[in-house]
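Labels run A, B and C following the written order; every chain starts at residue 1.
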Amino acid sequence: MSAILPLRLEEVSFVAGGRTLIDRVSLALEAGTSSIILGANGAGKSVLMRLMHGLLAPSAGRVAWSGEGARRRQAMVFQRPVMLRRSALGNVIYALDAAGVPPVQRERLAAEALEEVGLGHLAQRPARVLSGGEQQRLSLARAWALHPEVLFLDEPTASLDPGATHEIENIIRAFDAAGTKIVMSTHSLGQARRLGDEVIYLHQGRIVERASIERFFPHPATAEAAAFVKGELPWI
Amino acid sequence: MDLRKILLVALCALAPAAWAQDKFIVVSSTTSTENSGLFGHILPLFQKKTGIAVRVVAQGTGQALDTGRRGDCDVVFVHNRNAELEMVQEGWFVDRHDVMYNDFVIVGPKSDPAHVAGLQDAVAALKRIRGASAPFASRGDKSGTHSAELRLWKAGGIDPKGDWYRETGSGMGATLNTASAMNAYAFADRGTWLSFKNRGELAVLVQGDPRLFNQYGVMLVNPARHPHVKKDLGQAFIDWLISPGGQAAIAAYKIGGEQLFFPNARQ
Amino acid sequence: MLDTLASGLRLVATLDLRLWQVVGLSLVVSLSAVALAALLGLPLGAALAVGRFRGRQAVIVVLNALMGLPPVVVGLVIYLLLSRAGPLGELGLLFTPQAMVIAQTVLVLPIIAALARQAVEDAWREYEEQLRSLGVEGTRAALTVLWDIRFSLLTAVLAGLGRASAEVGAVMIVGGNIDGVTRVMTTTIALETSKGDLPLALGLGMVLIGIVLALNAAAQLIKEAAQRRHG
């Protein structure tokens, strides 16, 4: 049972530099469903993710978790992984330290997380010399070690080749199987279909459509979403 | 790694034990005296006799007297009798004793455009230099040397100003460097001149005038004004300077066989 | 001038214990000052880079300007503070190596802090979101970034060391250039120049430059080795 979900956004707006990037978004995210945030470049996917994760404060409206301690029970993976100048193991240990895990447990939990994502053999390698795909897997290991209730992923495979993408998607599935709610933004339709249960379609900062994967893909209900699926949406 | 190692060095470096010395006094004196090498000769003798180390801070006379007034030293040893006596009157120093004298000389280019070489009358020489508008480098720093120089100009009724008269605002050595580079005349103490190595075309042209004699005095900073002053150690130094032993040490100091300072303390 | 240089180096090569005492003191004073300035200045720079408060821009401008503090002015101010006639006279620190370390620390602190601020601010853009996502903020985040960019900070520290070992104004005034006690390389060079012993002064100058070069080379090697190890 999730302690912090559902996450409710109530009339959330975000304005920066005079432009409204998120426009009165209201939605509730429930446990158990993998939510894909879909949209063209510039639609506001990254901003929405950051508002939900708490990295940005809304200009208007409210972001409300359902329980206590939401801060510690979520994790985020960014498009470009940011690693500290230490070993792969060291990076995971850092995250555990930040989360308040007692020192005696950190190394064991970190090693387990690395094994889970297939990086066990690279534990002592400096994180910064790992390949893009390996670093992204390391980001996921870092999140895994924290056993989050919600995992936000902001276009996690946009910079990776198909092989690395495949590995990342497998790990995301593992998170899902372990009970973590997935909230992922992507502009890859294939990835959305492979990993998602529902689609939230974002167009110019507003949610235009929300539907299950089965209902969305053959026939999106709105014109904007339909255009996107057909690949005809002009880049903003 | 870097930070830790550096921290270690810093802590060791600042450990007071590294620089603690049991008995020492701070003596404020002039750069010309220091540059002459006198202290290098007599201070080890004093330390051997009494175990007291003497730390000499060499400044211009004006600054040295000010250092004494502020209480930043224990003893002042300079060559400006009038200023010294005035400050004793004002209560900054306990007493003043004659110690020694050296003399000033007028140096200049061997070509001697003002024709002063061999003159024994310093004031007349300065008049000729002024008359020829020959380049003259002055310290211009209110030092004892500078004050002596100005007194002589005044005695000749001259107010030295003009392109020919260059005030360097610095010590004896720097002024001699300038004179050497400019082939100018200059007013120097014999001590600095004898150890000065960058003479270029310069040579001693005028000497021997009694008005060129430069009297040194030593004073103890007044403990009534500055209780922290090491009055016993400081007094020991003064006593030694004016004692036969100290006076002999001063007389024994020579550069190239030539005596620089002539002891004249009265007991 | 080459003659002067040659005879200078010859003089230095034959010189005795006293020269090495002077070199040793120079290193101790400057390295201590840099260490202290780094200890204070690196966290200060990091805090300024990461913090947000009113007047922050003004503080940054002032800090950058302080990099150009004239050593002789710093020397004079510290002198007035440490003099017996001044507020801190009780400490009896004037004309000691400790006073020289204090003066040089004041001189070097703005350099290290300002350069660290710039380096941390640049890195902060990369690290900030990820650290906040992990729940790391404020002081802890600043220190994490500071430690992560430690090899780049070496440049800031070396800049400080360069300033400290090169200056003569501050140490001359607060140290008094006392033979065997507060005489360092730069003040010795000034002294020998004023005595007209230019070859010796030049020789010492070469030694000073050589030492600073060696320190910089060593730092560069450390930096490269570390970068190969840590990425």
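Of note:
Methods note: contacts are C-beta pairs under 8 Å (C-beta built on N, C-alpha and C of every residue); 3 or more make two chains touch, one makes a residue touch a chain.
Everything numeric here is computed off the predicted structure, so don't read it as measured data.
Core chain by CA centroid proximity to the global CA centroid: C. By number of C-beta pairs in contact, chains B-C lead all other pairings. Chain centres here are C-alpha means, and the one lying farthest from subunit B is A. Chain geometry summary: the mean Cα position of subunit B and that of subunit C are 33 Å apart. For the pair subunit A and subunit B, the distance between mean C-alpha positions equals 79 Å. We define each chain's centre as the mean of its Cα atoms; on that basis subunit A and subunit C are separated by 46 Å. Along subunit C, residues 150 each make contact with two or more other chains. Subunit C contributes residues 126-127, 129-130, 132-136, 140, 144, 148-150, 229-231 to its touches with subunit A in the complex.
By the touch rule above, subunit C contacts subunit B in their complex via residues 28-29, 31-32, 34-36, 38-39, 42, 83-86, 89, 92, 94-98, 101, 150, 154, 157, 176-179, 181, 191, 193-198, 222. Against subunit C, in their complex, subunit A makes its touches with residues 50, 53, 55, 71-72, 75-76, 78, 81-82, 84-86, 94-95, 98-99, 126-129, 142. Chain contact summary for the complex, subunit B toward subunit C: residues 2-3, 6-7, 9-10, 13-14, 16, 19, 26, 31, 35, 39-40, 55-59, 69-73, 170-174, 176-177, 180, 192, 195-199, 226, 228.
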